[in-house]
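Pasting a structure here, questions to come.
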Amino acid sequence: MTSQIALYAGSFDPPTNGHLDLVERAAQLFPHVIVAIGRNSARQPLFSVDERLDLLRAACAGFANVVVAQFEGLLVDYARSAGARVIVRGLRAQTDFEYELQIAHANADLAPELDTVFLPTRTRHGFVSASLVREIARHHGDVSRYAPPNVCAALRAKFHAP
Amino acid sequence: MTSQIALYAGSFDPPTNGHLDLVERAAQLFPHVIVAIGRNSARQPLFSVDERLDLLRAACAGFANVVVAQFEGLLVDYARSAGARVIVRGLRAQTDFEYELQIAHANADLAPELDTVFLPTRTRHGFVSASLVREIARHHGDVSRYAPPNVCAALRAKFHAP
Amino acid sequence: MTSQIALYAGSFDPPTNGHLDLVERAAQLFPHVIVAIGRNSARQPLFSVDERLDLLRAACAGFANVVVAQFEGLLVDYARSAGARVIVRGLRAQTDFEYELQIAHANADLAPELDTVFLPTRTRHGFVSASLVREIARHHGDVSRYAPPNVCAALRAKFHAP
Amino acid sequence: MTSQIALYAGSFDPPTNGHLDLVERAAQLFPHVIVAIGRNSARQPLFSVDERLDLLRAACAGFANVVVAQFEGLLVDYARSAGARVIVRGLRAQTDFEYELQIAHANADLAPELDTVFLPTRTRHGFVSASLVREIARHHGDVSRYAPPNVCAALRAKFHAP
Amino acid sequence: MTSQIALYAGSFDPPTNGHLDLVERAAQLFPHVIVAIGRNSARQPLFSVDERLDLLRAACAGFANVVVAQFEGLLVDYARSAGARVIVRGLRAQTDFEYELQIAHANADLAPELDTVFLPTRTRHGFVSASLVREIARHHGDVSRYAPPNVCAALRAKFHAP
Amino acid sequence: MTSQIALYAGSFDPPTNGHLDLVERAAQLFPHVIVAIGRNSARQPLFSVDERLDLLRAACAGFANVVVAQFEGLLVDYARSAGARVIVRGLRAQTDFEYELQIAHANADLAPELDTVFLPTRTRHGFVSASLVREIARHHGDVSRYAPPNVCAALRAKFHAP
């Protein structure tokens, strides 16, 4: 076993405290962590890829072994090109576990040298999701317990909240 | 991050190919892996703890960074005493996912410095379990696709199969 | 404990017998029940909010302690403004239980004074949903077992069925 | 609607903070709450029915509209004899949701005048169960975050812990 | 395709209306159906194998293409010896779906020439199980909606009910 | 029991090896099998209905008792008009089991003479879905293990892959 690179990919639209908890734990488990925003042309995001890169980079600045990136195309292709050996995924009781397992098995079939590890979301973040944060912020609710300060500020600016 | 010790605990009554696949993958993900048999006085096992230690040690002999052990009491207490920082668990579609998450959350509450990672069982081992292997062997069925050779031999001896 | 106001919110597009069974049971459990249509600008409904208000009011006319309303924004904000202390949700085996729990936990975090109760859908309504009723009515099928008479009539008018 | 009696039944072996959170919330939702220990001859409990009655009564002493009782036989028969109209159940992400629904449907068929309401367990109690508390206490672990003080004392006495 | 033999195996302790609904539907789907009681030495049944054979035979007497049998050992071995090509299983929302899938996959691996088909339990039988019927009958409750008349009579005799 | 017609309906956009495994098994279980493409005006497919008919017909040419068709409207109406008595559905661990059960129960209510049987997807196809195949092909990945040769060729042509 040599020094492993772990890949944590997602939409991060916007990054939440749940995402950052995963980043922190992955950074403790693995020598190098890439946090990567997948470009997904199908959906219209709230924040552009560039905005999300800025938000994630600022929020992850404290982790010395974490880099933030973006990619297009299949996750396994990006993982290979980045030299990653492990895909990290969060797993909530309140998640599509079956879907996550399907993706993990598909990725294992497409790229047998890659492995997937699931980290159980901590109970206090179990219900936090990017779509929930967007929904609350859209109605000018308080998201300060669910997202880092720079994301909260960006949400206020986006929705012209006081 | 320093060199992590991962703990993979279970009953291993007997060890199956599904268990060994997990050991192999954990050994690739983490610098040191402890495979530990939990003594559980409540249930009457098929193989004694000593028999299982022998079976596991022989089956894991090829992994340089894996040691086999046994423990009694709470998993988190053993993990602390062994210096482990990560608990490794297999996760099957055909498993009690909710139960696994409950245990992970309880362990996180009891020992916040410990983390749990789940590895999805490979599709070809998805239905393999120790109880299935025992049941097939009890009726003199062929378990050679589900357990390593030394375990198959031990099962044949246990059930007086040809 | 004083006299509780329970809130049963949804899209009701259209109201089904499953919805009305919930209303009836909530009306037996709690002194006051508000049945509230959530305005959701994202989705294009089959019936307008005004049409749904009319359909629900007629269907709920027999319940003395039930009022029908509509709201926009976060459910917890509306509950607070309406003085509700309990959110009532139906729970089907054939439902997104995980999703319901996530929403309940989010609402409990956003508004700790609010509680959520789930009523298990009766077996005979277990498969009935508004989308199923729309789909059957769209193809001129018989929905009279799944929706109240005024809704059936409105569906026939909407789809020009005989 | 008249003043409802709600029934919250279980083994309570021992009562946990998760149980008491349910009692508190039921006591806010309904005018009268019966917390009832079901005698179950099949399983050998850690605490006798009398011990559990004492533990529950002390722990529920602060709730004016809660009484503690015990019963034998079918839950629906006891509910009828006690005049209860509502059965209250806790619902965890980490629970046997399917099993709970089966029981609710069976009870609705056996006693149509009874309804069942599920309260989602709060996230901080989501992993707490009586069996977990017993297991930790058996190994002299700290259960003070999971059970009320009188239960913790009883567990220490039972397991000769310091 | 030639005339298929379908195997429906279980404990049938006792047979319920849910079981008989499955038998009836299997008898309409396949030319020949074997309903087989698996001898399971581990559990102490309420009715002996001979009693269950009698109960099932009487209850299935109206189906011309159904035979009732019993077996010991692995299901796949019995299926082969009986010439069955299809294993029939009921599937409830309120069942261990994951467990059923695990068994189906194990059987497909042990005997690739055998296939498994799942029939969804009808909604009105969704909560009926042999253990529920035993539990109600044990407390002298009414099981006449859940089991055929001869089984109800046998339960009354077993529990000395009026 | 007379000679049964089984109906296997879906979008088949495109047909995958998972679909074809189901067709093969249905063709062994039932005397006649109709594989039918449901026209669904709501979603924009990758392949037109005519393209999918051609792909399915070529892929199913080897099954003597299988015909390929298309339909519009409710599945139960089409099943009746085609004389089918059985609806065949694949069931994956990685699927929406609850949704499948809801549809089966709705269909049983709409057309009681129709039955639904679920075939468990083989483990090696468990993660294969039409949307996964489209996604991989869109990024010029290799789908030859997941779809028949004629579908792979059609995907290459559609996405201008080499």
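Assorted remarks:
Per-chain numbering from 1; labels A, B, C, D, E and F assigned in written order.
Just so we're on the same page, a residue touches a chain if its C-beta (ideal position, glycine included) is under 8 Å from a C-beta of that chain, and two chains touch if they have at least 3 such contacts.
Predicted model only: the values in this text are computed from it and were never measured.
Of the chain pairs listed in A-F, A-B or B-F, the one whose interface repeats that of C-E (more than half of its contact pairs identical by residue number) is B-F. Relative orientation of subunit B with respect to subunit D corresponds to a rotation of 120°, obtained by superposing CA atoms and rounded to a multiple of 5. Of all chains, the one whose Cα centroid sits at the greatest distance from that of subunit C is B. The chain pair E-F and the chain pair D-E differ in C-beta contact count, and the higher one is E-F. Look at the CA centroids: the one farthest from the centroid of subunit E belongs to A. Centre-to-centre spacing of subunit A and subunit E amounts to 47 Å, using the average Cα coordinate of each chain. Between subunit C and subunit D the centroid-to-centroid distance comes to 30 Å (mean Cα coordinates, whole Å). With centres set at the average Cα position, the gap from subunit A to subunit D is 39 Å. In subunit D, the residues that touch at least two other chains are 93-94, 98, 101, 105, 109, 123, 126-127. Chains touching one another form the pairs A-B, A-C, A-D, A-F, B-D, B-E, B-F, C-D, C-E, C-F, D-E, E-F.
The touching residues of subunit C, when paired with subunit E in their complex, are 93-94, 123-124, 126-127.
Listed in rising order, the residues of subunit F touching subunit A in the complex are 92-96, 126-129, 132, 135-136, 139, 141-142, 145. Here subunit F touches subunit C in the complex through residues 73-74, 77, 98-99, 101-103, 105-106, 109-110, going by the rule given at the top. Those residues of subunit B that touch subunit A in the complex are listed here as 1, 4, 25, 27-31, 65, 85-86, 91, 93, 97-98, 101, 104-105, 108-109, 115-120, 122-123.
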